[in-house]
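Quick heads-up: structures coming right below.
Each of the next two complexes has chain A plus one more chain, namely chain B in the first and chain C in the second.
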Partner chain A sequence: MKRSIDNFGTFFSVINILLAFIFLIFPIIVAIIMSFDGRSYLGLFPPPEYSLRWYERFFSDAYYLQGLKTSLIIAIIATVVSTTIGVSAAIGLDRYQGIGKQALESLFLSPLVVPAVVIGFALLMFFAALGIFDGFTRLLGGHLIITFPYTVRTTLAGLVGIRKSLTEAAMNLGATEGQAFWDVTFPLARTGIVAGSVFAFAFSMDDVAVSLFLTSPQTYTLPVAMISMMRTNFDLTIAAAAVILMTFTLCLIIILDWVIGLDKIIGKGVYRS
Partner chain B sequence: MNILELRNVTKRFGNFTAVDKVSFSVQKGKVLSLLGPSGCGKTTTLRLISGFENVDEGSILVSGKDVVNKRPYERNVGLLFQDYALFPHMSVEQNVAYGMKHRGFEKKLIPNRTNEMLELVKLIGFEKRKPGQLSGGQQQRVALARSLAISPEIILLDEPLSALDAKLRQELRFELKEILNTVNATTIVVTHDQEEAMSLGDSVIVMNEGKIIQEGHPTDIYEKPNSKFVAEFVGRSNWFNGNIVNKADDGILKIKTTEGFEFNILESLTPELSNGNYEICVRPERISLEKNEIIDEDSYINLLPGKVVDVAHLGPDIHTVIEVSNKRMIKVVEKYTGQVLKNNGTNVNLYFYPKDCIIVSSEK
Partner chain C sequence: MTKNRSTWLLLTPGIILFLILLVAPITNILDESLRLFVPGRIGAAKDAPYTLFNYTELIDKAYFFYLYETFRFGITVSLISLVIGFPIAYSIARQKSTLFRKLAIGFLIGMMFLNTLVRVYAMQLTFGPTGYAKFISGIFDISPNGRGYTELIVMLGLLHYTIPISVLTLIGTIQNINPRLTEAAQILGSSRLKSHLNITVPLCVPGILSAFLICLTLCLSAFVVPMVLGKGKVLFISNLIYARFSEIANYPSGSAVAIIMLVVSLSVIFIISSFVSSRWSTK
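Showing the complex of A and B:
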């Protein structure tokens, strides 16, 4: 009896993994295959012939290209700024031992919990109240807010394993506090910091909910462009756009794996001696 | 010459006084042990000297100059951390060279000195290893080399051997002493282990609750502790409580314990006290079970009859527990020289000299 419960448990988890695989990976594979469809109309899966026509369409469509350009610029700036602020905030939080530490930490991570639609709407009102109507500024502001929790979170995780005595040892050996940071804290927290910036980039590239509220007719991101295209003329260019969006994120992850090793980020997240 | 001098140094954390008016000095090339239980303020004292905590009152002089307002990197004080604090992402070589880079050593001299230091701690051949690939003992030696490389005026060791297992500890204690001697380093060792403190230190300071209780040569600390706390901290002891009942001539006092025993003690070892109530400590190794060994004209030798309740043979020593009155146990330690072990229940006599009775105040 005991045994059969155990066996059932194993069976159940295998089924779960299979289901997850089917629902996570299968649609993506379908989208990728469909983006190479050679038919000029939206037909059934699988395509009878293959071509790059939807990609050609994408790269000749000024509307999509504008979206991709904006997305990339916003994502890069948001990643750099959010990493810088996030790392500073995490170091501050890590050192601060007074009252309100927990509250402050929760506050910094709150954008993770608040629905993106709420953030988008709130920001729209906020920017309007401030008299900021420029699409780029609003988008950048919104993306900073949604990416910031990731950079704080992962940097904090990276700092946890770094003993205070390491910084003190550096100072005892003649390094100033700043030097101790760059020589010891930063290299040890690097995996956490880099992981944070990757998440930031990926989430910025991917975001729809917040961006939808903050775009202007001239400034919009690629996912927003995809959504509006979906409403007006639905064709497989969207599939091509999706694959391109995915490629950017994937490239980043591959580069990252090559530079520091992904297992370190996902597995341990923290460098330990 | 005093390399380091502390004058009435006080440090408070909120209402808690971690270090309370502590004054001492260390001369060039000497090793001072700071001994005390955890939380007695010894580590805080080290952190005050190295500049990681700010002094509330008093002054700290390094080579005659007050360093109280100096930052850690402005003081030439080496600190060996309890966890060694080796930089895990740097090789052994880089760890040792780190301080020299920041202390403005001439660049081309650094590799040479690094090598010299690794030779000193016998780690040649380990230059490229990362700390994670070294044993605990090796890590400690890297940390020591790293601290010594910058030629600090004084080196502070925070529980240097506590992270190692017992067997390794003895070996490394000897090695540590040798290395410190080689470079003639002025040193403070903080430890809660009395053996470590006494074997490494030229002098020992016993601390408790932020205060210095006693300072002296290791032998004096052991033989002439000034309080029950020190006596208990630096060795095993049997305690009696009693009052002076009779003052004999030739410097002998008679004391009557609460159990009703009468002991002879030396007047010269007895502090003057208002209430006349004393604690008497007899070290287990100063008590003899064999009368023939102590044939002596000393008529004042103390005798206490009892019954053996436990015998443990611990290699070089035999530990015997003897019941001298109802449930009153006395520990005795003898050297094992091949003698026949006593059976439980054997009636024995305990002998000890008045000069081996340590007398301290029973007042706190």
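Showing the complex of A and C:
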């Protein structure tokens, strides 16, 4: 009896894993296949013929290209700026020993828990009150505040692992505080910093909820371009755009694995006592 | 002394960024939400009188419905993703083959990182009218054009995001539990299922609660999924804020909804996390 319940349990768990895997991967496969659809309209899946027409359409459409360009520029600037400020804030936090350390830390991480739509709406109103209507400035401001907490968090996580005694040893041996930082702390914290900037770039490229409020007719990001096309248009250029964005994600995952190793993000392997 | 100064120097840019781009805008909408609505301009007039009208207007059945919908979807989706996610996390955490672990974790991280819009569009193609809408709605015996099917698609869209995240969160928790405990129970005659239900799951409760919290906050602030997959039939609070901006341009009212949404999501986080830390802090 016990045995049969267990066997049923194991069977059920294997089915659960398989179904979840199919559920997660199948829509992605459908989107990739549909992006190579040879028909000139959005028809039933699977397509009867294949071609590259939607990719040609994407790369000849100024609307999408403009969005991709803005997305990349904003993501790069936001990543560089928020990594710089975030790393500096994380190091400051790590050294800070006064009262309110915990409060300061949760303050820096708080944009993570404020819903993105609220951030977008609040920034829209704020920039309007200041008289700033330039799409680029507004988008950059929005992307800075949503990427900043990720860089603080991962850098902080990297710094916590570094023992203070290493810096102290370097200073005992005659290094100045600056030298000790650049030669000891910084190289050890590098993985955390790189991971933070990868996260920042990914979330900047991903954002819709904040950007939708802050775009102007001339300056918009690729996801915003895609969502407005999704509502009015029924062609598969969006699928081609989606596959292009997916390759970006894939590159980021590969970089992340190369820099820190994916299993380290979760913690290493089996239980060790 | 100099050390203190340089520490503050390091902290200052972050604090300034934070004050300008988060504190000031939210204070601004808090003020805005208390102003009288004047049609035809972004933001209330500077000297508009203070009023509670924007809030009292929201004490209405129609608006509670948005809040109710958001929570109904959020809680259902979070619970489903925990039930599905826990066994998956367990088998990955206890997996001996390094290659398999690496592939599984890589796959899940990829799924988590997947661009929101790509995800939503892929779901749309797969479960929309040109995909398997007829097939899926046939299984559940509902109309592919009805509200029931739209609700189902919105749930699937949210699950596609929350399942990888809950699995990844739970892997860490399960790894920290000594497998000997479950083995001991099994040696003493407990069945595998029973030993997991009596030992593994209770030990994981703090991790399960924090995975639930993460899923729930993600669902409560979901915007693109209900916007695209909900097709106007399923609307969350976030969509209400956007509608205040894009359709009727009532900014004071939008601010009031935004403030309410902020308070609600922060309270959810506060309540659950203080519950976790009050019961499991002495670890």
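Assume the second predicted complex is superposed on the first by the 233 of 273 C-alpha atoms of A that agree within 3 Å, B and C clash if a C-alpha of one lies under 4 Å from a C-alpha of the other, contacts with A are read in each partner's own complex, and residues count from 1 in each chain.
The criterion applied here is as follows: a residue touches a chain if its C-beta (ideal position, glycine included) is under 8 Å from a C-beta of that chain, and two chains touch if they have at least 3 such contacts.
A quick note: this is a predicted structure, and the numbers were derived from the prediction, not measured.
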Requested in this report: Based on the superposed arrangement, let me know which partner A:Gly43 touches: chain B (first), chain C (second), both, or neither?
Outcome: second
Query - Contacts of A:Ile85 with chain B and chain C, given as first, second, both or neither - result: second
Report task. For A:Pro187, decide between first (touching chain B), second (touching chain C), both and neither. Result -> first
Requested in this report: See if chain A has more residues touched by chain B or by chain C, and give me that chain.
Outcome: C
Requested in this report: Give one of first, second, both or neither to describe whether A:Val208 is in contact with chain B, with chain C, with both, or with none.
Outcome: second
Query - First, second, both or neither for A:Gln179, with chain B first and chain C second - result: first
**Report entry** Partner chain(s) touched by A:Ile238 [first = chain B, second = chain C, both, neither]
**Finding:** second
Requested in this report: Figure out whether A:Glu168 sits in contact with chain B (first) or chain C (second), or with both, or with neither.
Outcome: first
Report summary line: So the chain A residues that chain B and chain C both touch are 271, 273
Requested in this report: Note which residues of chain C are touching chain A in the complex, please.
Outcome: 3, 6-11, 13-15, 17-18, 21-22, 24-26, 28-29, 32, 42-43, 84, 87-88, 91, 93-94, 96, 98, 101-102, 105-107, 109-111, 113-119, 121-127, 130-132, 156, 159-160, 163-164, 168, 171-172, 175-179, 191-193, 217, 220-221, 223-224, 227-228, 238, 241-242, 245, 251, 254-255, 258, 261-262, 265-266, 269
Report summary line: Contacts from chain B onto chain A in the complex sit at residues 50, 52, 71-73, 77-79, 81-83, 85-89, 98-99, 101-104, 130-132, 146-147, 150
Report task. Report the residues of chain A in contact with chain C in the complex, numbered from low to high. Result -> 2-3, 5-6, 9-10, 13, 16-17, 20, 23-24, 26-28, 30-31, 34, 42-45, 82, 84-86, 88-89, 91-93, 95-96, 104, 107-108, 110-111, 113-119, 121-126, 128-129, 141-142, 144-145, 148, 152, 177, 202, 205-206, 208-209, 212-213, 223, 226-227, 230, 238-239, 242, 245-246, 248-250, 252-253, 256-257, 262-263, 265-267, 269-271, 273
Query - Residue ranges of chain A touching chain B (in the complex, touch as defined) - result: 163, 165-166, 168-176, 179, 183-184, 187-188, 271-273
